[in-house]
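Each of the next two complexes has subunit A plus one more chain, namely subunit B in the first and subunit C in the second.
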Partner chain A sequence: MLRTGTRHAPRRRGDSGLWLAAGAVALSLAALIALLFVLLQQSARPFLPAAVAELRWQGAAGPQQALAAIVREDADELIARASEWQRRGGAYLRIARADLLERTFPPDALALRLADGRELYLRGDAHALAALPSAAGLALPGMPAELPLRRGELVEILAPNQLGPGGRLRVATQRAWAFVSGSPGGDSGSAGLLPALVGTVVLVLLMSVLVMPLGVLVALWLHEYAGRGALAQLLRAAVANLAGVPSVIYGLFGLVLFVHGLGAGLDALFHADALPSPTWGTGGLLWSALTLALLTLPVVVIAVEEGLARVPAGLRQGALALGATRAEMLWRVVLPVARPALLTALILAVARAAGEVAPLMLVGAVKYAPALPLDGEFPYLHLSKQFMHLGHSVYDLALTGADAQRDLGEAHAAALLLLIVVVALNAAAIVVRNRLRERSRELSA
Partner chain B sequence: MSRLRLAGADGLQPMPGGLLDGLELALQARALSLHYAERRVLDQISLSVPRRRITALIGPSGCGKSSLLRCFNRLNDEIADCRMDGEVQVLGVDAYAADVSVPDLRRRVGMVFQKPNPFPQSVGENVAFGLRLAGLRSRLELDDRVETALRAAGLWDEVRDRLDDSALRLSAGQQQRLVIARALAVEPEVLLMDEPASMLDPISTLRLEELMVALRERYSVLLVTHNMQQAARVADYTAYMQDGRVLEFDTTDRIFTNPRLRGTEDYITGKL
Partner chain C sequence: MSVPASTYPATPLALRFAQRARLRARRERWARRGLAAAAALLGLLVMAMPLFLLASANAGGGWRDLLLPLLAGSIKAAFYALLVAIPLGLGSAIWCARFAAPPLRRLLKPLFEVFEAVPAVVLGLIAALVLAPWLARQVLALAVFLALLPLTLAACGSAWQRLASPAWRRRMQGRESWLLIPPILLLAGLALQLGVWLGGGAVGALLRPATPWNGLVIGLMLGLAVMPTVFTLAEEALFGVPVELASAAQALGATRWQALWRLVLPVAAPGVLAAVLLGFSRALGETMIVLMASGNTPLLEASPLSGLRSIAANLALEAPEAAGGSAHFGQLLYSALLLFVLCLVLNTLAEMVRARLRRRLAGL
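After this line comes the complex of A and B, so read on.
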């Protein structure tokens, strides 16, 4: 049948599919933005200086009065933080709106922070206080006589009620930077993420160095040498299934194989007298990196194998036809062409490894290890030592802190930092990959 | 491996008497059969390719031309489930003898593929690839051999200032001449060309044909082509293949003007 008449533009089929897909994308984006928003908002909380108020309220035993920092308030109640004269976690006040008699914000209210993380709220002149010599005792109205303090014990003197928005932001930035670049003081309660940051980065780099050669070799064997034999098929199935094993199982495996097996064996064999330095038979950086390398090996193998499969057959034959042996062909032509795929594999491995916490708790990450795993002391990289990890810090701050209000905020800050580290590591790899891709793009044309 | 059978014993057409008399042979296949798994692609082929001549292989798609080509540099070895029977001689030596080094064989029998396949490296490195494999390290000598090969492939004047550029930036025609230069750089004695012009435009094809004729001075060329005019223009001898057999082999003149077989004539004139 001959069709005549006007031609219609091809009807846009699957419009409902388009809407569904677009909706899914919008939902994912919204979730991502919400996550970032929550992280940013929550992690700003412990760093932004709170206003300090003179509160009077109706207590159970009559009217009470205190100088306190407003932490949170809503329609029903007000949560404030009073001076922490003794270290026992935050001294929080919870006052129902109905009981609140009076609230003023005196401009001379001071928020003083001690080296151990405690905060005190008093009234006085911030400039005069800051100018005191460090040995001078503090004499401010409202200080209990039995708890003398010296100027040197204060690490921060603020008059928060006098700060404008810019000043608050400046203080928040300073505090956040001190938090990120500082070391934790252990029992003294001061916080800092630097060891965890360095530990995370060093761990991921070490893991990459360990997993990439191994993964590439396994993929090469599977794709180039093994053929379709029963052994190769079995191995392929094993690799594919290993990718789905829960990470804590790898942690347990690492604990038994590396820490208790290999590590304890090393200790007994080589330096039983030199213990405890180094001690290989406890969790440590190397064992953690090895465990993560095992964890990410399937991901790397699968991604590299796919990359090898995409290398044009013409290039392989071209190399062979010029007298290359199989190994020379792989080494000089196939692997260079597959370099973008190797970086994709690395990106996937880093993305999987950087966020892992569960296996690390079994093989080396600890709550408190302020010494950096990388320093100027021989042998510079301390492979046998326990280390701190941002993921572990998030868990630790969120669940085991003494001061729930502040620590939860700090947990969010650690989470944000972990996110930044993962994104930065991935971005670096993606930049390198795109450079390589530009060179080999024309191949697929 | 080599089960010798006399040509003609299985109903093959014997070589026309005296066709290659007095000529040295570059390649020789005797009673050559090839199976991919259970599928037979070459069936008792006997063919002689003279030295320093161009021999064209023509025939319908899937008749086994490329497979036959790959027997001469043992590229079929790389294919799993590929089985070969019969004898293949390269420059008078059994190419499938146990003591033959396959990389050495492939250095003596260069190959150019249908699709230009330069490596994603610089122009210079592409040409030097085979030389480096052969163990040449001296920068001076490498540069010298690269230039010689590029000149022989008629590409030197176009790329002399672009030796460090990516080979992928060259045009398809230039790429094909580049891979010819790459093959020539290791100084092979035989050149296998598998439809080298099928991806090229007419101008590039013309240049490639001129190049082939020039190469005839020093190299023995076995050319697979679907282009009848190309075979007629450049080849000294032509073999017609069908269904895994060589049905007719003669001088190009006689194949194109006075073929013995009806099938050959039909194919050449486009009736098949």
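After this line comes the complex of A and C, so read on.
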């Protein structure tokens, strides 16, 4: 006992664990920031105008020369995009550093963008080109004679080497907006996210319409009628377990139950003339929405039940004491008070559903859908059609894109958009939940 | 009703009440039935899921050749993910629940919650396109970084304890994690330099991965994805332990860390174990990250430098193409059943362990 005097003060011994824990927080934060930084940097890339260089390099057959936009460069090599006269993504140059003889950035270099996404590089006067009437044929240096071009086909004329930082930012913003609000241009790859965005929103709305009534009813039964009976406990355990089932299994379940089961049955009944090409017996909007509704059901049930538990008992007893039946008490008193909890449940379900991709790969999201699921033609909402989805577009652009240099950047941009949507929804849920907590504290006080 | 209410004597009101009573009773009955029906529907759906898997699953004799590599791939991915997620998530939880200053905790908790909601496809994208190609050249640097990290943290800690003035130490108490960000970044830079410097030799050749899309990448990114799950549950468990326990220990002369390690952590152990189990279950079922960044090669290798193919990723890849009712589809369902049962067991275990924690805390 006396030994623990002042000399061997044990105060500092063994405190290094504390610093390891602090280090874990620091490391997690650093990783989070690094992820965000990488995403921002990568998704800005396809929109920032690349400098156009006059390259001279040692090719296999002597020195070669070309005007090209520098897409990527590292210590060993340089990847540049020369004029795409033939097709989008068809004119990349890969030049080893050692072979590069000369690189200049002529101020009069122009970057032209065509409506189908191709880019052309040449030297000339941007204003003279822009001033041409839209029907005028173009005579550009290096243009193959069999592929004539008109002024009207050019959607963007830039002199990238003359742009300052402000100008580059302005061009990048314009391009990013065009990408978010544009439609894919046929077979030339993706040039816009609008269909994917619309598909995601329609899917999530449909899912909410399906999941909210059932989820709220189940939560009401569990909390108000079943109480702590054995049956209710069993259902609660089942719901908790349902929340832990991998999402891809929901996809498989949806595929078997909805697509192979219900869909094939509907086809045999109502669309027998169209068989063997399936109408409902293939992935589609409705089946995806139902699958996601199943996936988010536990989220809704758990959140709503928690909200119901926060409604002060005095309010219920007051309503019952005034002669209300239990259903009236629930409808007139409990549900209005628990409204923020319902909203939280909805937002959480939407946030979960908006970010899920794996189940959708099985039940209906596709790389390219020719039409939006929502349009002006009767019946306006096309439940049996396949659709495009933001998350699926990310996956698809990243792994199966034809023009890697562009598609990878666009995949990151789509991922950033998805992240913004999901994080905004979650932040909203957190804010609503905190308000709800304060309010229930006021009510019970 | 143009007649003023005051002209009615009391009885007609009672009469109207009696007339409406039957309607109200009927409504009450229907509400009860409707709610019970909804609950029954949900129960039915819950039952349907394993039953349909059981009914149509078909191993088809290919268990050893087809399913074993997939199962091994899933477990390998989840194992390496936990190697990343447990230190990060548990360390953060310990810091956040017991040591962090309240403003820092109020910042960190929602931040981790939002991190948990980041779509897996976004993380998978970064893992596949940015992390994997970069890491393929920097395995050695990563190894150096991980080896030196604990030493650096401990050294920073003791240097701070010795060198900083008491006033500064008091000011930074509960905020020490900010102090560690510069040393961590410095160490990362140093490790990158060392990796380049050492990379030419035999060690560099040994640590060169066969493919950029390998278990290491999966471990890092899946670990980051699972980390918030581990964090949230472990933090909840640790925060629930009464402050008086730790205060009493500290009053008896224990340091903050000793109080935590000897007292708080053992009390909260079931909650921490539940966090790890749920993290494992989530890592097993995670699809998009593994699908995009693992290379999807069905190998039976434990090495973190080789690729893998997990059950979940295999389902996402093959199920859209498999014809319903075919032997191939039956096999896919069988693998899904395997995954389902694994996750079910893990979740149920975690729930049981958590219930134990709740009882224990209620006793305190």
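By definition in this document, the second predicted complex is superposed on the first by the 364 of 445 C-alpha atoms of A that agree within 3 Å, B and C clash if a C-alpha of one lies under 4 Å from a C-alpha of the other, contacts with A are read in each partner's own complex, and residues count from 1 in each chain.
The working rule: contacts are C-beta pairs under 8 Å (C-beta built on N, C-alpha and C of every residue); 3 or more make two chains touch, one makes a residue touch a chain.
Everything numeric here is computed off the predicted structure, so don't read it as measured data.
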Have a look at where A:427 lands relative to subunit B and subunit C in the superposition and call it first, second, both or neither. second
If you stack the two complexes on chain A, which partner ends up touching A:332: first (subunit B), second (subunit C), both, or neither? first
Regarding the shared-chain residue A:29, is it in contact with subunit B (first), subunit C (second), both, or neither? second
Mind working out whether A:227 is in touch with subunit B, subunit C, both or neither, as first, second, both or neither? first
Go through the superposed model and pick first if A:317 touches only subunit B, second if only subunit C, both, or neither. first
For A:15, select first, second, both or neither according to whether it touches subunit B, subunit C, the two together, or no partner. second
Tell me which partner touches more residues of subunit A in the superposed arrangement, subunit B or subunit C. C
When the two structures are overlaid on chain A, which partner does A:242 contact: first (subunit B), second (subunit C), both, or neither? second
Look at A:105 in the shared chain and tell me whether it touches subunit B only, subunit C only, both, or neither; answer first, second, both or neither. neither
Look at A:368 in the shared chain and tell me whether it touches subunit B only, subunit C only, both, or neither; answer first, second, both or neither. neither
Residues of subunit A that lie at the interface with subunit B and also at the interface with subunit C: 325, 328
Subunit A to subunit B touching residues, read off their complex: 227-228, 312, 314-325, 328, 332-333, 336-337, 439-440, 442-443
Residue ranges of subunit B in contact with subunit A within the complex: 73, 75, 78, 80, 103-104, 106-107, 110-111, 113, 115, 117-121, 129-130, 133-134, 166, 168-169, 179, 182-183, 186
Once bound in the complex, which stretches of subunit C touch subunit A? 24-25, 27-28, 30-32, 34-36, 38-39, 41-43, 45-46, 48-49, 52-53, 56, 87-92, 94-96, 99-100, 108, 110-115, 117-126, 128-130, 149-150, 153-154, 156-158, 161, 176-181, 184-185, 224, 227, 231, 253, 255-258, 260-261, 278, 281-282, 284-288, 291-292, 312, 315-316, 319-320, 324-325, 332-333, 336, 339-340, 343-344, 346-348, 351
Seen from subunit A, its contact residues with subunit C in the complex are 4, 10-32, 35, 38-39, 42, 214, 217-218, 220-222, 224-226, 234-235, 237-242, 244-249, 251-253, 255-257, 259-260, 264, 283, 294, 297, 301, 325-328, 330, 351-352, 354-358, 361-362, 391, 394-395, 398-399, 408, 411-412, 415, 418-419, 422-423, 426-427, 430
